[in-house]
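Note that the chains are named A, B, C and D in the order they appear, and that numbering of residues resets to 1 at the start of each chain.
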């Protein structure tokens, strides 16, 4: 007899369903007596005891379905130890639900914040397995997270569409790609989309260098320039500010995001039209790409094996093409950023791509 | 011996190249001695004599290529009779280029504004053929324009992506669809994407009705609502303003567009998170869909026949599945809008879709 | 109180679910007391009383879902009056099910054969509404059927993929497109994919003309040629045979289909490699395209109105952009074929496309 | 001054152009005086001196373009030392072309066979760099080859389309995936597409086990079954035959491929309809996916660095997310097959996927 709980937490992304299907199909094929409880809307469902018993039918036909059949919500890690408005102790409440259902394990799908709470539950004595979900690809301890490749595809599609219109009108275009803290998505989509300039949170930009790169293309007879700019791209001056000062500055900013600010600056110097496109939340949506489906099926199957081995307290990672168990204590709370001096940046710069630095 | 000129004017869109290929392949297959001049960047090329002789190689492999191999630019009709900064009389300049090259005909691809200038050139004695291009589908005299279906596909893709994330997070989402004056694109993409509320320029909305529709869904246990909102959606009060007053109001608006304003209003009343997504210029870009490729091939072939018949001064339209020649004097300057009481709106309302009216 | 039954019959295609959703959402929004019975696997479910009561949940999220939630099967019209292996009178059995459930109306989604049986049920006194489904677009009385545009997209995708590999290897490629009796799908996909030669059931080909067209391209320095060939393409000689003789000949044919035969013939004369690709059943599958979703939503909504008006015995058609009711007695049993002398063929020929005639 | 030659050999695939663009853009950005010669149609161009000087314009806009701007052809390695029909010594001829043009290096894009010839040229004293291209992913020494992920996407699309139609009709469907010698593509597309049974060249199947797997699904109430079958799938008995005996048997086979044979066998035992779909050459075609574009840009950039470092005689590989130079003598002539006992197979089996063994 095996009883597991399952939840998806944080911003949703593609392939959450595929990952859950991987876990449950693998367990169902190997465990005679299996019960799967799905908690609704992330940790909220665990805290407030909102769950439903899932059957194999729930997992049929969801391999290609975006979103999450369990719903999701953001539950900031830093508030987990803070009682809610009714005085409920969230951690205790989660433990109670866990013990009330006599769960053998909790399978938790989510990003960095989710992982920290998963680790907290582990420290509190619960059996947990974490699956690394995020379009940001910023989870430490795994080569890749699911959602990432699907999001790259959508962001690249946007750049591809912009390419034809930019070329027809000799315009400068900025495509703003998701990613406040890390630039993986912008970097990959930027290269895949053939962007000329790529601005990442990890490599503060000098607006003069950005303008220079635009002008260089123009002087070479190339009528248009495409910038892939991460939501969290930051100028060299701003990077010197304290977090507080920067936050204040952002709040005062008239433009809705950094991309609009950069657009203004380029326009001012170069005199060309600069348009901004923001694919936004579409980057989290839609059907998972085949890459993510294979990734999630493998991670899910490996998670099932870990559960059957009663080997808990870990994230199931993909490292060098192999699924591996990484102890949560080793990875929780760490961020995987783009290395400004890493091989991939060097390769991109060699191609003539400007990072504005 | 046949000498034609060709230009693409106004905002670019998908299938411009497919249409030009249709014209030239048809002429090349039927005219022994053909010369095709391509004017660069719309009417600008015609005014300032920037053109190049095109060969069949230029038209090879472009059926699926977005944008326009000739480049495009916006040349407002109302400025056509106004000399440029150097005192050049634009209409005279265009005529001179035309006669200098001894053209038999000018093939002009563009939207409403472009068509008006085409008609002006016709009045000035030039032989012109117009091909109806626009993602807005607002050209009077043809059932459909090219670019429209391709743009629907992209806008619908965006709504599809938003659907999964909206459902996972129980959020209200607004997808802003292109269309300042007419709502065809929003209407089609909204229905195709399964939007719950669709706001069009032709049907001024009452924000209370919009909020009511959101709340109705919520009360029926549907956790999320999706709105497809045209760029030019307008509230009932604003619709009563004069053009000038409205323009002033828009300029003062803090939100970058009407969608953000509506988002604020819904949030205020309903208390739910409301997110806005703006696919923007991606809607004009990328490869044309098969529907547009067939449409353009047919329009192009029909244009070629009109040229060979020396039957000028018309737009090549698609009416009831057949290509037809429509005299420019009959259609130029007219706009095809969504009929608020038309069959399609009635059908959509019957489904329970709210138009906020 | 309104009780309707619903079934999908014949080869499945995209947008069946979208159409049923259109009907049910429209009825649910306008009828206080609605019961919808779904018959499983087409007429089979009606004959043998296999059905289930459907709720609004069944119709949620299926707008974009391919296939049919009811299942389908082929029940040849000519066997409808023939008792089954157990002596069951099918027509009587269907009537019994209908009356037992006290249905107000049967909504029947299907192609030509399905429509004939629908008409038979009408003659037998049942209230029926037919919705025109088929990737073949061969239903008389409507400009377009649903599934058609989605299938065009898939077949065109295949031709697009073949284009790059054909060009790289200077090969002749045949893409076999679905369509045994009519060539609409091949014609549209062929034009959209830029095929050089298109062979349709309606225009018997002369293999010498086909070879000539391949050689012409080769002599013009174009290294590759792409043929779009309908499953039911037929040579001029074979077209002269009686149905029986032709069937015999096909059975004796070594090649799996006519495309392989044509490939052999081209290879023999031209000496070039000729490859055949058969997308096959993929053309019926996958998510419906936005065009079909709008079409089905409109047809479904119009069907709902007809039901509420108790105006039965008709097909809901799309004619000149408007939904219309067409009496089944006017359209049942008739086929809409490609007119070999029609405008679209003339336009394609003008472009230099060969039809092998 | 740097002079390089470039050629693409073997079956074409997606991202060849992207890879060449990566090499040339990187060199152009770093080398003052660069000449790039493109050899036409693979080694043929090198043997017979068919080449053209390429300019940066040739590499503009080709990142997303499928196929190869240089053309390709198959030149079997085993015939390289055999004179052609006119007595031309191919290896000598290639060396002559190389020296005549005073090339610094030959950049060779291709699969296993191509790599062997590249190694031969290295042994003959030429400077060569090899880039690993193939949809088969079977090149030893690199984690992944380009074209692989794009082909997975296309094959998975086909399975996705088949899924809806299989489910609607309760049918057994076989999708035949490219791969005569190795099963990577079938394995990945099969998992991504949710296939129930996957048959690979590396795991000979027992038809009884295959039939059993179909029947098991049926007994569990799942109406349809999908098989992903590699072109080179082989039964246990056939795997025991010598190469010669097997070849003979295949030639005698009535069915066009192993899939049709398996279809017959399932049909015979289970009595269900079994349909076969063969996406065929579409799997090599179309635009490269973003994954392949990033991969190729990185490999191309790394190749450029190797050339500037004058570090030749290697393949540029992707190993653990990093580009690396692998000496040709270490990898040429070796094949990377699916390990029947590897982690990925174990994970798939845990999910309940049958490999027919």
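Simple rule for what comes next: a contact is a pair of C-beta atoms (placed from the backbone, for glycine too) under 8 Å apart; a residue touches a chain by one contact, two chains touch by 3 or more.
The UniProt protein names, listed by chain, are A, B, C, D = ATP-dependent 6-phosphofructokinase.
For clarity, every value in this text was computed on a predicted model and none was experimentally measured.
Novice: Using the touch definition from the top, what's the fewest steps needed to get from subunit B to subunit D?
Specialist: Step count on the best path from subunit B to subunit D: 2.
Novice: Where centres are the averaged C-alpha coordinates, which chain has the largest centre distance to subunit B?
Specialist: So the chain farthest away from subunit B turns out to be D.
Novice: Pick same or different for copies subunit C and subunit D, depending on whether their interface residues overlap by over half.
Specialist: same
Novice: Could you grab the centroid distance between subunit A and subunit C? Build each centroid from C-alpha atoms only and quote it in angstrom.
Specialist: For subunit A versus subunit C, the centre distance works out to 42 Å.
Novice: Could you tell me the distance, in whole angstrom, between the mean C-alpha positions of subunit A and subunit B?
Specialist: About 35 Å, centre to centre.
Novice: How many angstrom lie between the centres of subunit A and subunit D, each centre taken as the mean Cα position?
Specialist: 31
Novice: Could you check subunit A for residues that touch two or more other chains and list them?
Specialist: Those would be 160, 167.
Novice: Once the touch criterion is applied, which pairs of chains come out as touching?
Specialist: A-B, A-D, B-C, C-D
Novice: Could you pull out which subunit C residues touch subunit B in their complex?
Specialist: 22, 25-26, 28-30, 61, 63-64, 143, 149, 152-153, 156, 160, 167, 188-189, 191-194, 289-291, 293-294, 297-298, 300-302, 304-305, 320-323, 343-344, 347-348, 350-352
Novice: Going by the contact rule set out above, which residues of subunit B touch subunit A in the complex?
Specialist: The contact residues of subunit B facing subunit A are 8, 11-12, 14, 16, 41, 65-68, 71-73, 154, 157-158, 160-165, 167-170, 173, 223, 256, 275-286.
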